[in-house]
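Below: one structure, written as structure tokens.
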């Protein structure tokens, strides 16, 4: 992991992005590397081949891209402030995602590991709750269903 | 992340290792990739440039290698069983580690993210508590101090 | 009375829709004649034109220029309007 | 009485040491004449020969063949013995 930037630039370290190509997860982890950080966590959400016992041939993600990107970056900066991170990066895949490939990657770094773990877990929960991105699961029979969970609140509670 | 093995081989997925060369952290993450896993966590502990405000020029790790490797593999298998993981891998660096480089890398994968996060945190705490590996911090003045924490129990409580 | 009913020269309101909402309305943009009105008025019009989308619409938010807005917010033709149904990313 | 005192033909016990313990005893192996005895006996001998290491030794475990053993465990010359001080990996 390489050293980047100086301690004074912590708030700006890392980035938020949406990509239609495969996510370079190693690059997401590298983006949070810093000599001030001893704990580095990378979470990668991958498309499973089955969900609740039903085979999934592929996933598709749709998004309100400008709002999704702004929300991802807001959450990234929130995570840095809440958990006193050295850096934080997040990349979400859009479009078709075959089984086994990465849908989302979140990386956090902090002086010690507890903050890096807590921030990555918090950020993943926040992304699933707040970012205007939607997933469809396509079954082998070709049926594709967009997920708009009944249990989810109307979006925008966190503007 | 690639699919490897079949669901029946979960217990064996992943590996434990000690290395005197830089750790390929992306390879550690790849080692736990599987289509049955949707949540993948990679923790990387890196050598900080400062500890408690004191500059550290480098770290050195010593180990009882056979016992360290056996303990790492026991803990890896424990983590798989406790958290119902798809796979788990762990690599610890030995010898001299310059600031910014990885000292330890742990990867976990599970159907959902909560188990992958919990297992990685548990495994890191267990490694720090149970594995016969020791760290020395060298200051810029050349003094190198091996750490044998007063607060730590006598090793072997977990044979 | 619909906002468009008393528009002598009705302009067009374009609303971006996504995911399951796009499936339900049969496209990624809803276009409606529009002179003036609020988000609540737009909700009513969309539900009337696309009854199959009414239930999901009731659980959705509106955004203008990448900012969430409430039902009292005025909408003008030309605004960058989007309907944001419950999310499922990550 | 030390186990070695009544050994007519004393063999050698080799104990691997690491990290701060190696610094304190001045090497990575301790060699002592040995006929028979327990881990407790070996502890006493090491502390006597290396007083500077006594405090850390008291907080350390012994292992034979990569298995932790208690103070009552018998030790034989030729056993693969190691002293394991409190750990600090990760």
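Going by the order they are written in, the chains are A, B, C and D; count residues from 1 in each one.
The criterion applied here is as follows: contacts are C-beta pairs under 8 Å (C-beta built on N, C-alpha and C of every residue); 3 or more make two chains touch, one makes a residue touch a chain.
All of these numbers come straight from a predicted model, not from anything done at the bench.
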>> According to the touch definition, list the chains common to the neighbour sets of chain B and chain C.
In response: A
> What whole-number Å value describes the gap between the mean CA coordinates of chain A and chain B?
Replying inline: 23
> What is the distance, in whole Å, between the centres of chain B and chain D, each centre taken as the mean of its C-alpha atoms?
Replying inline: 28
>> Need the CA-centroid distance for the pair chain A / chain D, whole Å please.
In response: 51
>> I need the residues of chain D touching at least two other chains; which ones are they?
In response: none
> So which stretches of chain A touch two or more other chains?
Replying inline: 45, 124
> If you go through all the chains, which pairs of them touch?
Replying inline: A-B, A-C, B-D
> Okay, in this complex, where on chain C does chain A touch?
Replying inline: 16, 18-20, 22-23, 56, 59-61, 63, 66-68, 82, 84-90
> Within the complex, which stretch of chain B touches chain A?
Replying inline: 1-3, 25-26, 29, 33-50, 99-102, 111, 113, 116-117, 120-121, 124
> Of all residues in chain A, which touch chain C in the complex?
Replying inline: 45, 61-64, 66-68, 70, 92, 103-104, 124, 127-136, 145-150, 152-156, 159
